[in-house]
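What follows is a set of structures for review.
One chain, subunit A, links the two complexes that follow: it is found with subunit B in the first and with subunit C in the second.
Right after this comes the complex of A and B.
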């Protein structure tokens, strides 16, 4: 009984590694791309008053706008994260470091996508102290101060989670760490476009997440090296 | 036939897993405080009698009194604790929890539970650790607290510089009254408004009233609150200087406050005001 179970496990692992090998660069891999938009009237984003932190206010020629919803022409949605939420092969954490900056009392990027276990470095490029307070629930919650000129804070998150990040000193600073257990996840730019490549043939669930709009999912199928399309349209509810 | 076989395998595996889970839960449900070993099953009885009214049956901080209690009772299912000897983002030691239960939290509804026996308090600590699976990791390593440096005027003045440069004043205010520019915007990790400590209020510190306790507060941070850890940014000697300065902000008598009050009248003009440059 036990040997048969072990055998099926081995077979499973073999298939997984084979499909993984097939998906290498130039291999039999497809992709999915599309645009994230919204319909309806989004709440008006207001300018941020940074007068309490003159060193940051001076870095913005025009006042920085609240970044909860950032949109481009044609109601495209920036800072949405599109990722493969089901159907993907298990992947190891990439070894390259992802970088998060605090500059002009703003988080750059506003939404940072990383793989569970991937090394993260947080920099303070400002002339003022920040405290980095990722409000994790599944992962441990920590809160560290970072005065100007201090070295990068190094961290990793072991569990996939959408973690709001804030600075308690500058209450307008809000961002997100999006920790995924797939390498197939990207944040959209101002044009709302995304593209995920390197998908071996199979059925997948593609999910788009946005901090205000919530999540939308759809099923796609990749055959051979086909390029699938998945467009997402969030509904902005008036309030 | 084969399918039944596999199903049997899966069920067996599941049973094995759940057995392992029970074992893990039992393993984590003891506490070690000094020479005492706390037992969670016994702690559950104490908990249901003394703690459940505020902290709730499920340990989620939603007991029947919770809605009238501010700050809110601790949610043990989140396993995030303010008063620790361990670095930010790690779990407290059994001793830390035991001291919190024993000491209570001044300026909150959490009383001191010193009237309970030491064994009963150790049992409660063991039970509190059953509410979150995070306890399977074990606590962090306590941060070192080197011997305190002498409280001199030089140390106090250097501490005052740190209060300025580390931007403590942004929340705690120039005079430590808890009224800095960011103070009114602060919320805890559950989005409840929270106030920075007012040094002039004359209340003791939440996490203990010795200088070493104060040292630990800003080196470990108070997790779940806006108070961050400064362990990466303040060297131990400097940290003691900051402790000495913070004592001068309090109204109660202390060697540091005595030094400060004797020095100040002749030198008030030399001090650069704390606040924005």
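Right after this comes the complex of A and C.
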């Protein structure tokens, strides 16, 4: 599932690059890249107790850890979303479908980035029923049950929004739909790195969002096909 | 037709009685201190009501057989004095029986719900929510951290709304999705619900108690065998009710202490 996610991200990035290349004057398109990290001591992530759902617990050789904060070596932050929050040209929603999986009572990916209006498909890969409940406020809220083996639930979100997603049957399941009105947004991997390409010359605001740490923003300027750098360091508290 | 009805009634009575005597669908083995008393009371009730059931059904069948309409045009006989005295007597007798059963059973019921908790009981805080149970142990300090409903956050596993940043008693609370307890130790649950009505039912403990939103309900029991059993919700609580369950794990004292240490935050 992770490879599918990687593939969809790559395609998203490719689409973004193409869009940028076409939009940029004379094909000049810059990029911005950097790393998301934290400073301080974050809360200790505890193993998730899946004892009520043995079929899911059996899919994890070691207990799944709470995914509110996932970090890599060097205090890098995974599952942060870095995107252009201001200065970007309006973009059409990609027609390519983004996929969200429920597997081993875990949401894969934990944070799903999509464009407003982009088709979304949600799959239940488990032997148990899930109910997928995105807690949208700007967009219409819905809550659908998905027994094992049932077809994918199809949805789209028209408005940009950060939507927490939960499963009531398995209260530990938690994720996010990050609906952006730009194609220039990515979720960080375990190394905390991100790269956004296809930015025509201009001034932009780059924002990093994280479900626990909040948001940080920086101003950057792209001239020609320059490669800007924007590193983000969130402050972590132990509780 | 009267004969057939009498025969069918007799057959149904005998088969249904046989099902109970043969214990075809019976309770699972009891694993609690109170279970013996409850089973005893249940058996008394079953015997009292069972004997009356069998006798009344067989007498009914006999009367149907004897006084059926034989198609010979005889006038319909009525009971001497009319039916009113019979109905009154039957109502009084059945009412008295139910009253006696209730009074006798109150002793067992109050043993569970009205007796003072054992001061040495292990206290476990239970939270029911759509659609799971979470259990909390006070940790080495013996004090439960204060619950702050506004801090409840399933995503970060803060199911009880603890505030470890400002409340040092909350920092050592052990939270689990299974009810792990030591064997032969009095347990005192304090039960509360996050959202709607739920229930805590472990047939092997012979205990069933509702969660009522807004109330903290105490429930005590002592498990006598080291087993793993299912805890189920028996109040329809929403779309995931069918999957609202947890496990009760009764362990030795050493295993339990080790489990507490392994699950310390």
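Of note:
Everything that follows uses one rule, which is that the second predicted complex is superposed on the first by the 213 of 239 C-alpha atoms of A that agree within 3 Å, B and C clash if a C-alpha of one lies under 4 Å from a C-alpha of the other, contacts with A are read in each partner's own complex, and residues count from 1 in each chain.
Rule of thumb we're sticking to: contacts are C-beta pairs under 8 Å (C-beta built on N, C-alpha and C of every residue); 3 or more make two chains touch, one makes a residue touch a chain.
Keep in mind that what you see is a predicted model, and the values were worked out from it rather than measured.
Superposition of the two complexes onto subunit A shows a clash between subunit B and subunit C.
In the superposed model, A:48 lies in contact with subunit C only, and not with subunit B.
By the touch criterion stated above, A:212 is placed in contact with subunit C alone, subunit B being left untouched. After overlaying the two complexes on the shared chain, residue contacts for A:237 are found with subunit C alone; subunit B is out of touch.
In the superposition on chain A, A:66 makes contact with subunit C only, not with subunit B. Of the two partner chains placed by superposition, only subunit B is touched by A:150; subunit C is not.
In the superposed pair of complexes, A:128 makes contact with subunit B and with subunit C alike.
In the superposed model, A:137 makes contact with subunit B only, not with subunit C. Stretch 164-172 of subunit B is the one among 2-10, 74-82, 146-154 or 164-172 that clashes with subunit C after the shared chain A is superposed. For the contact definition in use here, the residues of subunit A common to its subunit B contact set and its subunit C contact set are 52, 128-129, 131, 145, 168-171. The part of subunit C that touches subunit A in the complex is made up of residues 129-133, 154-157, 159, 163-165, 176-178, 238-240, 243, 245-247, 265.
If you check the complex, the residues on subunit A that touch subunit C are 43-44, 46, 48-53, 66, 68, 128-129, 131, 145, 164, 166, 168-172, 174, 211-212, 237-239. Those residues of subunit A lying in contact with subunit B across their complex are 1-2, 4-5, 8, 52, 54, 128-129, 131-133, 135, 137, 140-147, 150-151, 153, 168-171. Those residues of subunit B lying in contact with subunit A across their complex are 5-6, 8-9, 12-13, 78, 80, 87-90, 134, 165-167, 170-171, 181-182, 185-186, 189, 221, 223-233, 276.
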